[in-house]
Amino acid sequence: MTNPAVEVRGLTKDYGPRRVLDVDRFTVEAGSISAVVGPNGSGKTTLLGILATLEPPTSGEVLLWGEPVGRSRTADRRLRRRVVMVHERPWMFHTTVLGNVEYGLASRGVGRREARRRAAEALERVGLAHAAEWFAPALSAGEARRTALARALAVEPDLALLDEPLADVDAQHRTGVERIIRELPARGTTVLLTTHRLETAYRLADRCASLIGGSLRNTLPDNHFSGTIAESDGEPVMAIAPGCRLHLATPLRGPAHVVIDPRTVILSREPAHSSARNCFAGRIAALAAEGDRVRVTVDVGVPASPRGVPIVALITDRSFREMNLQLGEPISAVFKTVALEVYGGKPS
Amino acid sequence: MRWTLEQLAEALRLLGSLDRQVLGALALSLGVATLSTVLATAAGVPIGIAVGLGRFRGKRLLTTVLHALLALPTVLIGLVLYTALSSRGLLGGWRLLYTPAAIVVGQFVLALPLVTALALAAAEGVDPRVRLTALTLGAGRWRVARTILAEGRGAFLAAVVAGFGRVFGEVGISMMLGGNIRGYTRTVTTAIALETAKGEVPLGIALGLALMIVALAVNLLFLHLRRRATP
Amino acid sequence: MRAPRAIAILTGSLGLALGILGCSETPPAESPPAAGSGARPVVRLATTTSTDNSGLLERLLPPFEKWWGAPVHVIAVGTGRALDLGRNGDVDVVLVHDPAAEDAFMAEGAGLNRRSVMFNDFLIVGPKDDPAKIAQASGPADAFARIARAEAPFVSRGDNSGTHKKELAVWQAANLKPAGAWYLEAGQGMGATLLVADEKNAYCLTDRGTYLAMRAKLHLAPRFEDPEALRNSYSIIAVNPAVHRDVNYLGAMALVAWVTSPEGQKIIADFRVDGEGLFHPLAVPPQEPAEAKPQKAMR
C-alpha cells in the first residue's frame, strides 16, 4: 500500500458485553474508491463512524493519512475537517435544502456568497437545484439521500465515508449518483462506501472488503473454505474435498478458515506447469455477467465424485470472450499459495 | 354557596376597576419574572445542552441532583438567600435585600434548576444523528450546541415557558426577599397573600384573576412564537 | 437560522423587564426635596403585621415622607422577626409592641433612642353565645381559666409575636399550660389567625387595631376587655449605627422624631378605624400646670 488514506489496526468496538466490530487490518488507498460489503447490522455504520472520528473505538488504532486518531482534541478536529460521513438515513436540518447543503461550509470559514455558490453547484450535481428552497425535513428518502450527498460534496473533503449511498435513490437518479461517486477521486476525494449489494461494490469500487458479524475480511465471501490445516511433507495443506487439498503458505495450523479472492483465480485449459501450487481440474458449472467482469464457477474435485467443490473465478469480460468459455467445459482453476487468506488457526 | 358567588362577583367588579396599585403590582410581577427567566435561560440552556450531550462519569449523579433541586420550596430558597443578602450576610454589601433586584436573584435561583433540567432532557431528546451530522460537517462545539438548540427548539421553548410559569406565580421568594413593600416590592402574589391574611377575599381573588389573565397572555405569546418556529 | 430573531426577542424582553422594574422603583411618596439638598436615602422600617394592617402607617408616613424627602419602605413581619431585621441591620428603624423583647434588644445594644409612641389594648373575641362565659370574668387570667375549664376552642398566634407573648403571659398568670384539642396554634399573622378563629368559632386574643379592621368579616365579637391589664404599648427604636455602619441613622431618627412629635402624635390620636379611635398617643404627655406639681421627666 503506497499511500494509505485510512489504516486500521486491531480495531474493536464493544457495546457493553457485545462486540460489534472486530477488524484486524484494513486500509484504504488514497485516491481510490473502496467498498465494504455486508448485510445490515454487520457493523458497517459503526466502522464508518469510527473512521469519521465521531466515535472512539474500544481498542485498536486508526490512522488517517498516517496520523493517529484520538491523540488530542485539536488533532482530531483537524482530521475531522478532512473527512465527511454521510449516514444511511441522513438527518435533514430544520431549514431549506440549500441551508442544509451550506451547513458544513460555515464551519470552515467560507464566506456567505462563496458558500452559496458551492452549495448551489453541489445541488446541481445531484439534480436537486430546483429544490433549493424546499423545507429539507419534508423531502423523500431518496431526495434526502441526495441532499446529504450534496452536503458532503460542498465541503470538498479529502475522505468521503458513504453509508449505503444508493439505498432509496430511485432508478432515474441512480446513475447520476454513481457517476458522482466515481468522479470523486479525480477531484481529490478518497471514497469508502458501504453497501449490502455486491453489484454496487463491483460497479463502483476498486477494492472490496466484506464485513459480516463485525469481522472484516479484505476479500468478498466467495471461495470461503473451512477445514483443518495439517502438515503434509512439511507444508501446510487443507483438505476441502476427498482428494482435493489446498496448498497454503502460513505458519498457522489447526482448524481455520480460508478464503480465496476470486480475482486471483486463473482459468486454464491445460493443467498448467506453473509456479502456482494450487491447480485444480474441474468443469465450468456457472457463468454470470457482472458489469464488465464475468463470474465463473468451476466445479473442482475428483471427476468421479458426484459432488464437487465450487471455486469461483472472476475474470474480465474480454478474457472470457477470448477464451470462449462454455458451460460444462473442462477447465482448471489455478492460484498461488499466497493468494489464500487464512483466518483462525494457531501458530505451530 | 351564595357567599362564594358574592365574593366572585365582587372580585370581578374590582378587577374591572383596574386599580393603579394592582397594575403596578402586575407590572412588577411581570418584570421580575421576565428578567429572572431570561437570566435562568441564558445560564440554564447552555448548561443543560452541555450536560445532556456530554458523556462523563457522574453525569447520572449530576442529573439526579438537578432533579432533586426542583423540589426546593420557595420559602427555603428565600430563607437561604436572605442570609446571604442580609446586611450581615456574604453579599450584604450589595444592599440588595428588599429591592426588586433581590426578587430577581431569588427567582433566578428558583427557575435555574427547572430550565436546566428541561433543557437537558430536550438536548437528550434530540435525535443523536443531529450531533453526528453536525460534527462530521465540521461544526465546532458551539456550533453543535446551537444546532441542537435549533433542531430541538420546541422542547427548549417549553423549558423556558415552564421556568416562567414557575416564577410568575411564586410567593415565598417575593415575600422573603422583597419584603412586600407597598408600591416597591409588592408583587401580585405577595399582595394576594397580604389581602388574604387580612380577609379581603374578593380583592385576593381579583388579584389572582389578574395574574392568570397576564399568565394566559404571556403563554399565548409563547404559543405564537412556537408556531412560527416550527412550520 | 433563527438566531437573529431569538436575540431580538431576548433583548426586547430584557428591555421591557428593566423598564418595568425601573418604573416600579419610583417611591410611593411625592418627589423629593428642594434643590441643593440632594436626594435622601430610603428609610427602612420594620414593623408588625398588626400595626401595618391597622392602616395607621398610611396616614402617618406620607406626611413624613413629604417633609423629610425620602420614602419609607415598610416591611411588615412578626415582632420577633422585625427585631431580628433590626439586629441584622437590614432595616433602619423598628416599630414594635413587645416590651420584654424590646428590653432585650436594647440590652444587646442593638438599638438606640427607644421612645414610647402609643398604646392600645388587647381583647378577647369569641363566639356570640360565649360558651365559656368569660364576659363575667374578673380579669384576663380568670377569663383564660374559664376557657380552659370549658375546653372551649381557642386559637393562638403561636408565632412568638408580641400578641402571642402577651397571651402566654396571661396563661402563666392563670397558672395554666394550655394544651389539648381545643387549643390551636395558627402560626400566622393576626388577621389570618382571626380568620381561623372565626372559622372555628373559637376564642382569640387580638389587638384592637386588627380587630377593628377585620370586624366586618368576623362573626366573633369582643367578649372580654380590660384596657389596663391587657395594655399593648408600641415603641419605636432606631438601629444602632455602631453595629451597622451603613444604616440610615439620620433617616431613622427623623422618623422617630416625627412619630413622637406633636404633629405625628395628633395623627395617631385622630386615627379612626370603622369610626373608632384606635391608638392612644404616649410620646408627648400633656403639659402639667406649672404651679402645683414638679416637672415630670419626659418618657
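Just so it is clear, A, B and C label the chains in written order, and each chain counts residues from 1 on its own.
Operating definition for what follows: a contact is a pair of C-beta atoms (placed from the backbone, for glycine too) under 8 Å apart; a residue touches a chain by one contact, two chains touch by 3 or more.
Note that the structure is a prediction, hence the values are computed from the model and not measured.
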Handout entry: Contact pairs, highest-scoring chain pair
Key = B-C
Handout entry: Distance-maximising chain from subunit C - centres being C-alpha averages
Key = A
Exercise for the section: Could you grab the centroid distance between subunit A and subunit B? Build each centroid from C-alpha atoms only and quote it in angstrom. Expected result: 55
Handout entry: Chain centre separation (subunit B, subunit C; CA means) in Å
Key = 33
Fill in the blank from the handout: Chain centres from averaged Cα atoms put subunit A and subunit C apart, in whole Å, by 87
Completion exercise
Residues in subunit C with touches to at least two other chains are numbered 1
Problem - Multi-partner residues of subunit A (at least 2 other chains) - result: 94
Completion exercise
Multi-chain contacts in subunit B, i.e. residues touching at least two other chains, fall at 150, 153
Exercise for the section: Quick one: which bits of subunit A touch subunit B in the complex? Just the residue numbers, please. Expected result: 49, 52, 54, 77, 80-81, 83-85, 87, 89-91, 93-94, 103-104, 106-108, 135, 151-152, 155
Practice task
Note which residues of subunit C are touching subunit B in the complex, please.
Solution key: 1-3, 9-10, 13-14, 16-21, 23-28, 44, 49, 53, 71, 73-76, 88-90, 188-189, 191-192, 194-195, 213-214, 217-218, 244, 246-247
Exercise for the section: Would you pull the subunit B residues touching subunit C in the complex into a rising list? Expected result: 24, 27-28, 30-32, 34-35, 38, 42, 86-88, 92, 95, 97-101, 104, 146, 150, 153, 179-184, 196-199, 225, 229
Completion exercise
Per the touch rule above, subunit B residues touching subunit A in the complex are 127, 129-130, 132-140, 143, 147, 150-151, 153, 230-231
